[in-house]
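Below you'll find the structures, each written out as structure tokens.
Paired with chain B in one complex and with chain C in the other, chain A is shared by the two complexes that follow.
Then we have the complex of A and B:
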């Protein structure tokens, strides 16, 4: 029993990274009603930028993480500016295609720089753990939990309490009406996109810290996880993404504990398809039906 | 000579993959399962010729038929979903297939060791062509003969009622439904057709490559098919053919493009969507080609 509990705890903590990925996806979907397929590679970029800073320049981890987030925010703004702004309001396929283009370019650039090999991400606390009430908690997981919760609370505060957050919610309701109310839609879209990419970068760094390995396949992996999370939680719903991420983490943790690790992905993709068929609006999505 | 023929075969197989994507996109749906269907065809055809000892002309249609059935079943379930919900669902299906092949083992013992799909090791030793004395030229001929057949099918489809129905569903589903078309059935048909075509390409690829790795059939392969069609053009199947041929041959002709192949593809994709959203070969290009053809005959007509 305590073994199962341990797996659920680990899964839930690790799942916080998935939650961040899903939140980034849904922020963009909520505001722009489109999916950013380059998001996975932005996450990969974040992990590698932090890795390069830590390994080659001996930057402290915290600083490297912040720099990665900032760099990815810039990458995100460039992607938004080149791939999405010019085709706003086009056919639903157009943004999917341009962001696929961006993702291919990003992936290839990082493959050229870092090759397709696995890189070690050294941290001082990789193997440290603490014991609480009979359960073991890895320190990297504690960091994931702490950082993710802080970010989620900050984001929640930003969206519900600040002027910009209110404007973002207005845009999610109706972009045209928001523009008529004097909201600077272009600037806010850019900001939201940059914010989502910064969240993704931090998720990438957290994953790198916890697995202590980074490779260029991280992007496609996270893209797929992100899809599972947003479909589970509901497209466009930020609390849904948080819930979906933690759920996916638990499902993975438990399946890996009892089945060969190759089945992990089978479960998560199976879950995605079943969810899409049974409840396409996700656990917490509401407005999706009218949008689809 | 062999290099040129190998390149021709690769081009032919890529064109088939692009046509499979076009079939689905001609009803306005975006499928990211084409790579997986390609893989299903590859595994099925390879299994038929190596393990079951069936001839190639029988193995290819078997792979196609299996993928068509899978496509019809999947389409019937998933095509209730719209737009990127369908795209995401097909992406998940594609990954399921990839993970399935990663775990799939079904080998038989032969004098030269075990043959068949072996999980992560993939499907090795598909030596049907060598064992039956096929030359590269013969195989290339087969690829292009099949392509010619597909060309005829797509050209017929283009002028048939079915093809018009596909386009109507693409342009406006509500109107299509209002004039009495069964839009779901039409989309399922197109998806099933696309799956069968992709599997045909996969069957050819399996015998051409002589080994299969599950990782090759992930969503990167579907993205590639999508790029061929998006750059070539989504108005007509000629766009898919031109796109796939161009993007396969260009990297071969210039070393610098070869090295940065994917970056070039990515840039081209973005530029085409931004500045020529219907692709390089759109309705305007077709009209222009037709006029070019007519004007050459115009003086003769004038004399009459």
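Then we have the complex of A and C:
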């Protein structure tokens, strides 16, 4: 029993990184109805920027994480300005193509700088762990949990209780109406992209410190996880994405612990299929009428 | 702008065809190609293979080159080095390009076992079979360790560390020294069939012979980062031995997590992981890992080559670099013994002669001992030794 609890705990804690990835993705895709396939590479960029600052410039980890978030916020705004703003209102395939282009450019830049090898992301607490009620808790996982919960609560507060958050939701409902109501749609879109990408960067840094390793394949893996998380949790729902991420982490962890590891994706994507059939709105998504 | 497109295209085509005209003996070189991993996962293997070839090429060319039809010509790999990025489809396409368009005499590569299985599959299966339209191109592999590759085609050769020939002698000694070992768990890379194939054909029968039961075999996904559940499961199974049949990056990640959770089996055996990247990433976690190798840096001749390799590549040479270094010399010996004409018209005939010469390799002086071609398959028989990671270095293990 304690073995199962340990796997659930590990899965839930690592799943918090999926939750962060999903929340960032949900902000753009779920809330604003815009697709940004460069999001995965922004996560990878965040991890590498923090790595470079920590390893080459001896920057403290916290500062490096914040700098990576800031840098990725800028990258997010650039992606929005260059890949999405000029084609607003175009065919739905257009942003898919432009953001795939942006993701390829980002990936190639980081491959040029860091190569395709895996890089070590050493931290002082890499091997630290504590015992709680017979369960082992890794310190990196605790950091993931703390940072993720803080960010999730802050973001939920921002989107539900602040003027800007309400404006973002209004834009999601009807951009033209929001503009007529005096909302600065362009500025708010940029802000949301920046916020989503900053979250992605922090998720990238957390994944890096948890596994001690960073590579340029991180982005594509996380993009897929992000999709799964938001479908599980519900499009547009921040608590839903948090729940979806944790659930995905637990399913992955428990599957690997009890079955051959290669069944992992079968079960996580199986769960996704079941969710789509049984509850297409996801765990916490709301059914809304489509605009005419 | 548009008016320049047509003239530019004509000039480019003219230059390209001019290049094709100056070929073979005319250009004073032997055309040899290489399909490497220059980008993507496992690039460290690719770096070793390419630089092993380059060091040997520089030595041979500085010594005058290779004698063909009574003339000294040089090796010039550079124009025919291509990157497969560990992609099977790309490796096959590049093999066809090298054979049919570049018209090279022979090819080195591809680097990974996964690619090698597929590339060897497009070669002719039986010599002289007019119905078989497979490529008739000698390919020399120096890094793929999967069993059975040397049997796939008469045109596919290997000067690699072929574990199927080396383990029967080395692994039982290690098991006896670390024993008693009754159970083993296997971790392999799920996206490639190297692990399952080696487990089924090489490790499985050998372990069974030793009375060792395989209690689990887990494939990990490409790019997996969290190994906590996997190691948690292995700790619960508590095998005496952990066998890693994967790339060095998978090995490092597995061992880092094992160290985190305090999983310490009596023996950690790895296959295909000789790479400085394993030590660089795994650090203390990979200390004590064991594996079979065909390279010993303490042998004076190997040490001398290793010094040149370090200067050329900026990294320490390992068995993949050493095998590749030897392989170019093997090719040189085969070329010089096979009366080639080295012209555009004779390339197919030259390839046939080269294939026959490669089959005859015997008593060739390798870096740590003599090399013979296996009597029935196209694998060279090399000396094997067990190495372990000690103080951040690969070190020869002695019982």
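Here, the second predicted complex is superposed on the first by the 281 of 292 C-alpha atoms of A that agree within 3 Å, B and C clash if a C-alpha of one lies under 4 Å from a C-alpha of the other, contacts with A are read in each partner's own complex, and residues count from 1 in each chain.
Methods note: contacts are C-beta pairs under 8 Å (C-beta built on N, C-alpha and C of every residue); 3 or more make two chains touch, one makes a residue touch a chain.
Just so it is clear, the model here is predicted, and its values are computed rather than measured.
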Q.
Do chain B and chain C fit side by side on chain A in the superposed arrangement, or is it a clash?
A. clash
Q. Which holds for A:224: it touches chain B only (first), chain C only (second), both, or neither?
A. first
Q.
Under the stated touch criterion, which partner chain does A:118 make contact with: chain B (first), chain C (second), both, or neither?
A. second
Q: Kindly classify A:101 by the partners it touches after superposition: chain B alone (first), chain C alone (second), both, or neither?
A: first
Q: Would you sort A:262 into first (chain B), second (chain C), both or neither based on which partner it touches?
A: both
(Q) Quick check on the superposed pair: does A:56 touch chain B, chain C, both, or neither? Answer first, second, both or neither. (A) neither
Q) Which partner does A:90 reach: the first (chain B), the second (chain C), both, or neither? A) first
Q.
In the overlaid three-chain picture, which partner chain does A:277 touch, first (chain B) or second (chain C), both, or neither?
A. first
Q) So, A:14: does it touch chain B (first), chain C (second), both, or neither? A) second
Q) Looking at the overlay, what does A:210 touch: chain B (first), chain C (second), both, or neither? A) second
Q: List the residues of chain A that touch chain B in one complex and chain C in the other.
A: 220, 262, 265
Q. Which positions of chain B touch chain A when the two form their complex?
A. 30, 77-78, 81-85, 87-89, 91-93, 95-96, 99-100, 102-103, 218-220, 223, 226-227, 230, 260, 262-263, 265-270, 273-274, 277
Q. What residues on chain A touch chain B, complex-wise?
A. 35, 82-83, 86-87, 90-94, 96-98, 100-105, 107-109, 220, 224, 227-228, 231, 262-263, 265-266, 269-270, 272-273, 276-277, 280, 292
Q: Can you check the complex and tell me which residues of chain C touch chain A?
A: 39-41, 43-44, 190, 216-223, 225-226, 228-230, 232-233, 236, 249, 252-253, 256, 259-261, 277, 280-281, 283
Q: Over in the complex, which chain A residues touch chain C? Could you list them?
A: 3, 6-7, 10-11, 14, 111, 115-118, 120, 126-127, 129, 136, 138, 207, 210-213, 215, 217-218, 220-221, 252-258, 260-262, 264-265
